[in-house]
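Before anything else, here is the set of structures, which you'll find just below.
Here subunit A shows up in two complexes: once beside subunit B, once beside subunit C.
And then the complex of A and B:
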């Protein structure tokens, strides 16, 4: 769109149109009070600011950015209408933070050669975050409380670093070494070790819901490594790895902690006030909402705990209808599927895109299928739709990485040189 | 009334997504243009096929996973790798082929390619040329 201002203008108009249609729906359902005016001003104002600022970044492609603005402001409108119109200021601010994080991710991840040179920092960063999680979150939690109503989840910040760790070294698959009769690539071993350590940490902190996200990122990176030219990974080894993973999953189910097994094997309808409380209420709400919903602000699910994050899909279904909820999910899927339309020009960026897509897809699937009782309830958020500061910030950063894959820079790496002259000059001065 | 409002919202979202997808397809063409400019509009041409150089690393070989597949037993499964740098200069590297890599008839391990260079891989000959050229 950088060379096509008409396409840019049309995209702005249609994104704005989609938000205005939603706001009109809210206005006609619940009247036009002061909260509604604030909400409309917040949404339209954020739209206009983004449309004005975006061209300054001179990107090759703006599609992902438009989809991000579309989804974020949709989530602001939806979150503001759960149980009555009230401008969700906190969520609106986290959306702005996500947009800022997206810009940061975009600027940092454009040059794949520079990113590959920073490999050791990803491992160090993940190590530090794991240490913080283990030391400061308590033995059975993933949150650090910073004060009243404010807490952060350090394990969320591992995700973008883990994506980068998976994307680096893909091009070093030819450098094989012989250990105990096996041909191995040191980087693959390091990455496997890192994945195992993250999984152990998640297990220890009782956050098994995020485990599939990390496994999904690793699986996407692993597949891209297999596909890299000249890896010659045998099909037997691949089948073996698949079988080992399936066996590990079965063993994990049977040796899982008591509370996990209760969730897996319990019938929600026979325990509607205990373990099945949220899921049974969510299913009733989806059924009551039907295809077109009860209308914004007219639901009952807002009285259930975690209606705005863990079971947000059901809350949207109830108020806006299944059709609109599915369209929202489609918008998210399309946002992460943009690299399929315009594939990245470098293998690093292709791997990074695949890992980000895997993370987002797994998170969406866990939340939606969990709300619909198709899998056990995990408490994982839908990116950009659920409320939550850490999740929103990290999702913004990761979508920025995806955006960078669409507008890469190809720059020859400059060798790092320690500037020994500077201190001398300072001493002389 | 609720049904109409919801349908209108969903329709607006639907149309918006459609417009964004159309814009993405249009961007694809402009992105391709800037890529071609970066690589100086080069391509590889065989006797009856022209191969686009679409990314910064291109594997040539007999294997199905190769970017440029040459179904000929004289070509190794993973024969050579083409890479481009930021200045748009293409380099070809032999990645352990059995029959060797030839550029303008000379056996090479690694070579910087120039316009109209003839690359020999087994019995196959490819011409590195500017897009739309006649080849040899």
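And then the complex of A and C:
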């Protein structure tokens, strides 16, 4: 079932050992009550289930899967300790959802030729999700309230579809058409239009925080499109595109809505009870935590709104220390860096990997640098670390896509037909 | 394969950019963590010492009960505390340096060695404070070669260890160091006007000017400038006018056609005045904000402008800045020595992490003019203060400032000691000089004697 059982075994021991060490730390900090036992059982149980199930999916590499289970259960332990040990059941369940989504992403995205053929469905899917966002979310918001303190963010689900849309049609770059004196590629125009529509929707829904993530994905996809062999995209055009992007960023700052400008230009330390409340508390918590933290359950940041998602980096820093928080981020980075060690074998998968990497790094940067007052504060999450169902599911799906790039299948494309007859066997001559 | 490498390159780029951002974040957090902690509400402040190791502020873990009553009263509004009652004090502005915290050690509640060692001489400061008796005012002195503040006291003042329960009954000005805030400078302003005249017309032409004082001067617009000598000083040159502190002479000098308004404004601006309602700026003394001078210069024939150049009316200068101008004169360079209060700072482990150092301003006026003003003030000192403040070669200028619309008069004295081994510049202010018997020269003598011991 597994190519290298010894490596697989040692990987299991490493992940399990890391989680047991963290649990021991929690036990030393806050005793060993019933909640702790539940937490330990939840974490170790999920580890063991994953280790058992994973070999049934025949993969050429399990690196991403091990990294994923390592990070997910780390986040379960950390989320369960904010302000006291209490097994974060909801987060644990969303982690299982993320693992499931990862499997789905993996299974769907292995065959790049099949994925190329589904291009129109990505556009349709994104369109439908945008329509749902505009029609069914609250007034200029991104969330659909499902009641019982549960809500869903349909725009999150656009991300994986958008990654796929960016990764498709790369080969179309060689087919240029002359329109109004310009050499254009129809697919690039379509993708640009899609990106613009998403940006407009984000603007309308007052969720400019996610905008850089989409722009990051598009930038990665666009760059790899124009760098596709024989596309003859001039360097001048490349520089022009870069300058246009920079100009757009400057204009965006100038013409940003008032609430965004307030965040960009406000001094958080002169408004610690208003706009700067979360960031100032986050930075104080990081300072109090120092390199090694106050110890799990001993922080104060859990009293601050969105401590478990928007400012989760600071909450981890406070309780576990900056060093540990950096290691957690490093684990996430290593996950998206896997394509550097084990290169994808098709340009489609490589583009998809780059887009997923762009989405993850931009999202992490927005969350971490925003909560630490290096850039304007946004409400985006750190994949797998922040709590949140939609984010977990989508992140799991996207990491599954990355995992699929490591174990691709190559088949000849077959036209998709409804009620297609079974292919007739050829008779030997 | 080459195309796949492009994708890998792009992935690397994203990761490298992110890691670079993280590195910048770690550096930022490490550098600013002390500042963040000042907003945490949980601090463990260390002590503040004078130049001889005498305690000026006791820190968080000591309520000061072991010190004699009013032990800290001469430095209360300068050194301050972390209560939030006084914002413009050394402690309030430097809690990050004084906090027993490091990113590695965290907040050390007991045994931390974070401290600020100041340049102040507590004993001399106390003697100067006591010399004021029941009168109010302030005194400041520093080494004009190094910029070390040695004496800086203000009355009334507060012993911060006694707390603020009786704050409703505090006298006005108790919670500020008057050294840092603008006051009407009186005739000490004439030093600035002399410097301006020298810069505009040069020493030869200025010393050639003669104006007559008849006890008052009526300017072209009908404004009357009175002299303190109602019988008049007769015809004088600039040296005599400075020594006599003759208002009509200086009013005529300002109105002279050789003193165009735009040039006066330019030189005053260079000296650091905010002119005609310009935005008031501050200069920084180890975090403590000190007000810059301000005045009105609209028309050299107008009473308001002439009155301002004499040091009355709208003109405001902090005693600190009056003293700093003395350093530019005393040094003979036209550059002010910037004062500093912190000699060194130690961190939570007791290691020195910051040291005070000497800084100079840009050149405000030429070396020659500095030497000229210096000689004029030394002559004034030798002629009028050698008996009052014996034992020192002094360059001085006194001033009387009308305040509360002329109802009260403040007395000022600015000057410097012309001694390479004892380079002290000072400024003394006694408010409502007629309310007591103490004179500025007495305070100056106490100050210099205390510092020379």
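Operating definition for what follows: the second predicted complex is superposed on the first by the 415 of 429 C-alpha atoms of A that agree within 3 Å, B and C clash if a C-alpha of one lies under 4 Å from a C-alpha of the other, contacts with A are read in each partner's own complex, and residues count from 1 in each chain.
Simple rule for what comes next: contacts are C-beta pairs under 8 Å (C-beta built on N, C-alpha and C of every residue); 3 or more make two chains touch, one makes a residue touch a chain.
Bear in mind the structure is a predicted one, so any value in this text is a computation, not a measurement.
When the two structures are aligned on the shared chain, A:347 is found in touch with subunit B and with subunit C.
Looking at the shared chain after the overlay, A:222 reaches neither subunit B nor subunit C.
With both complexes superposed, B is the one of subunit B and subunit C in contact with more subunit A residues.
Judged by the touch definition given at the top, the superposed model places A:106 against neither subunit B nor subunit C.
When the shared chain is aligned, subunit B comes close enough to touch A:18, but subunit C does not.
Of the two partner chains placed around the shared chain by superposition, subunit B is the only one that A:331 touches, whereas subunit C remains out of contact. In the superposed model, A:82 lies in contact with neither subunit B nor subunit C.
Contact with subunit B, but none with subunit C, is seen for A:67 once the two complexes are overlaid on the shared chain. By the touch criterion defined above, A:320 lies against subunit B but remains apart from subunit C after alignment on the C-alpha atoms of chain A.
After overlaying the two complexes on the shared chain, residue contacts for A:123 are found with neither subunit B nor subunit C. Subunit A residues in contact with subunit B (one complex) as well as with subunit C (other complex) are 227, 229, 294, 343-345, 347.
Taken together, the subunit B residues at the contact with subunit A in this complex read 1-3, 5-17, 19-21, 23-28, 30-31, 34-35, 38, 54-57, 59, 61, 65-67, 78, 81, 84-87, 95-96. Listing the residues of subunit C that touch subunit A in their complex gives 1-8, 10-12, 14-15, 17-19, 21-22, 24-26, 28-29, 32-34, 36-37, 39-40, 42, 101-107. Looking at the complex, you find that subunit A touches subunit C at residues 216, 220, 223-224, 227-229, 269, 272, 280, 283-284, 286-288, 290-291, 294, 322, 326, 329, 333, 336-337, 339-340, 343-345, 347, 350-351, 353-354, 357-358, 361-362, 364-365, 368-369, 372, 374. Those residues of subunit A whose C-beta lies close enough to touch subunit B in the complex are 1-4, 7, 10-11, 14-15, 17-18, 20-22, 24-25, 28-29, 60-63, 66-67, 70, 74, 171, 174, 227, 229-230, 232, 292-295, 320-321, 323-324, 327-328, 330-331, 334, 338, 341-347, 406, 410-412.
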